[in-house]
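What follows is subunit A paired twice: with subunit B in the first complex and subunit C in the second.
The block that comes next holds the complex of A and B.
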């Protein structure tokens, strides 16, 4: 999987490394998100999706989807929630958001900024999570929390998109990673 | 003349209690870590996960609510034994939210009514069942998934490398301030990128600097199959349990699916 270097200090900055580093930041941001008080226990701000948003313009689709899976599986192992409903929420929300952001980025081209891409991901992720909540936890009452969820998605999606927009323009790491991903 | 109290006098009544509370907390944390280590040394991670998988199916298909509740109590106990954090308040809040949400759509016999709020038997039982299932799967998962779980294949290798980077992020001393958020985040990414990628997996093996997740060491077998260091050495009894517990899980699965 990893391109092993000939000498001990040679670097192996390839797509696997970029994926792994962004995956680690997903874990880190998930840990921070876990510490932020929320009005409802199921509500997620979605800040852990920021590395996936950055990866839209960085990784090929295969590695991009792998990053989404690394985020879900890694966080489930750390928190021990791999066999719980939480993992189902996380898997569905993350994968659908990743695919929606990829499609928005590809179809929108230069017409759509990171803010638009991020909002597309946040809204689709929240919609899918409401549908799952309706089926397995809350029943029909899930529709009552839908406006709150969608509203939160809009706010956090915009904030994350603004951050990603500025970060991709100014970051030295992002520029270096983009170079490495082209090799 | 009024006596002017010194700032420390204000807290003099509780000052003696603070170290005692802190000591209790520290003792509890230490005891939890001991349980965590003992649990990890007792069960092989992959076999335990397999057992958890079998049990989760058995639990999901259990139709009797009392039996399901007994299983939930057992899973909470197992989770405590595994050294996982347990908060009764958080558990009750989550369960209460699920039950309350289900009560909003009434069906079945009316048990209680005040104003527009109606508690019906069907909605209550449905809500309790969903809450027990939700919490049960959560605690079963917490007791059957160890951080040392080895995910096989190429995907497992990427996850392992992510854990390595995550360890560096947690250890990193770069301060992130709101005023310089973008620059600080960039500096952190560059720092982590450089600190890890200069080391090959062989160097990591030599220095022994394996990543730790929640205080538990990951083995380098996540990175390279040829350089395996067992952090948790299993006793012969542990190996027997490793064979026995998935078999027990499979038996329970068949029993409940009859």
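The block that comes next holds the complex of A and C.
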């Protein structure tokens, strides 16, 4: 009948395997994000960042950055903004937030959980986008956007972090992936 | 599951940032309310009380901003996602509507008193 693989070896051959699977999750979650109706049109749930949040304790930096790039491409293809200047917001926001999450995770060690890492990412991403909006598009007026974006980032970042923390603590799939990525 | 110390630091730092940015974004609520429209290079100011339609040129085409009964909304836009058209009309100082693709930003402000005294010297 059904037999569970004894360890991660059978499920994941290498880090590229894990990156590819998490990248596919980014595409899938970007689609879900795009389909969910929002009370405010500028609102983002940020659920497509969940694979990146999981990868922070899983992948080496090089593969981790590659995953972040895959997420940007996936999101831009799905929202139709790949070759417009809007993609700059997505690219800069995601990459800088990914680096911030990596640093928070590395420096924080046992003093931080996925919740803190997720909030660091959400707030950094939104701040970067506010700054770009200020510098290249709207000028001083962009400051008005800040409270809404920071407030939303805090709420969605906390929610996503709580989910990720529960997931990493209880998922056998995650445990197997972590095992495989050690090699 | 328990939150770790640095989680709380992240939450408190974000809250501090939220409060600071709210204070920074505060606009004057006094006097007559005006609609400030920022386009690619130009800024237009109109009274909120007079109904009118404003055509704002942007990189993609013309965005139509409508002022009606003390409310402002974007009536039409050449952008692909139409997010700006979907937003509810604004009517209070500090509220804003933006169209990122066509680079139009609309906000309501209290009138700034330019004729006030800057400094007194005795």
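Keep this in mind: the second predicted complex is superposed on the first by the 159 of 183 C-alpha atoms of A that agree within 3 Å, B and C clash if a C-alpha of one lies under 4 Å from a C-alpha of the other, contacts with A are read in each partner's own complex, and residues count from 1 in each chain.
Everything that follows uses one rule, which is that a residue touches a chain if its C-beta (ideal position, glycine included) is under 8 Å from a C-beta of that chain, and two chains touch if they have at least 3 such contacts.
These numbers come from a predicted model, not from an experiment.
Asker: Figure out whether A:28 sits in contact with subunit B (first) or subunit C (second), or with both, or with neither.
Answerer: first
Asker: Given the touch rule stated above, what does A:132 touch, subunit B (first), subunit C (second), both, or neither?
Answerer: neither
Asker: For A:111, decide between first (touching subunit B), second (touching subunit C), both and neither.
Answerer: So A:111 only meets subunit C here.
Asker: May I ask you to decide whether A:17 touches subunit B, subunit C, both, or neither, giving the answer as first, second, both or neither?
Answerer: First partner only.
Asker: One more residue to check, A:72. First (subunit B), second (subunit C), both or neither?
Answerer: After superposition on chain A, A:72 lies in contact with neither partner.
Asker: Examine A:142 and indicate which partner it touches, taking first as subunit B and second as subunit C; both and neither are also allowed.
Answerer: In the superposition, A:142 contacts both subunit B and subunit C.
Asker: For A:172 in the superposed arrangement: first (subunit B), second (subunit C), both or neither?
Answerer: In the superposed model, A:172 contacts subunit B only, not subunit C.
Asker: For A:48 in the superposed arrangement: first (subunit B), second (subunit C), both or neither?
Answerer: neither
Asker: Using the superposition on chain A described above, determine whether A:150 touches subunit B (first), subunit C (second), both, or neither.
Answerer: second
Asker: Once the complexes are superposed, what residues of subunit A are shared between the subunit B interface and the subunit C interface?
Answerer: 40-42, 79-81, 84, 86, 137-139, 141-142, 144-145, 166
Asker: Once bound in the complex, which stretches of subunit A touch subunit C?
Answerer: Going through subunit A, the ones touching subunit C are 40-42, 79-81, 84, 86, 89, 104, 108, 110-113, 115-116, 119-120, 123, 127, 133, 137-139, 141-147, 150-151, 153-154, 157-158, 161-162, 165-166, 169.
Asker: For the complex, which residues does subunit C have touching subunit A?
Answerer: Touching subunit A: residues 1, 3-11, 13-15, 17-18, 21-22, 24-25, 27, 36, 38, 80-81, 83-84, 86-87, 94, 96, 98, 100-101, 103, 105, 107 of subunit C.
Asker: Can you tell me which positions in subunit B touch subunit A when the two form their complex?
Answerer: It comes out as residues 49, 52-53, 56, 84, 90, 93-94, 97-98, 101-102, 104-105, 126, 130, 133-134, 137-138, 140-145, 147, 149, 151, 154-155, 157-159, 161-166, 168-170, 181-183, 185-186, 189-190, 192-193, 196-198, 200-203, 213-214, 223.
Asker: For the complex, give me every residue of subunit A touching subunit B.
Answerer: Checking each residue of subunit A against subunit B gives 1-2, 4-5, 8-13, 16-17, 19-21, 23-28, 40-42, 66, 69-70, 73-74, 76-87, 136-142, 144-145, 163, 166-167, 170-174, 176-177.
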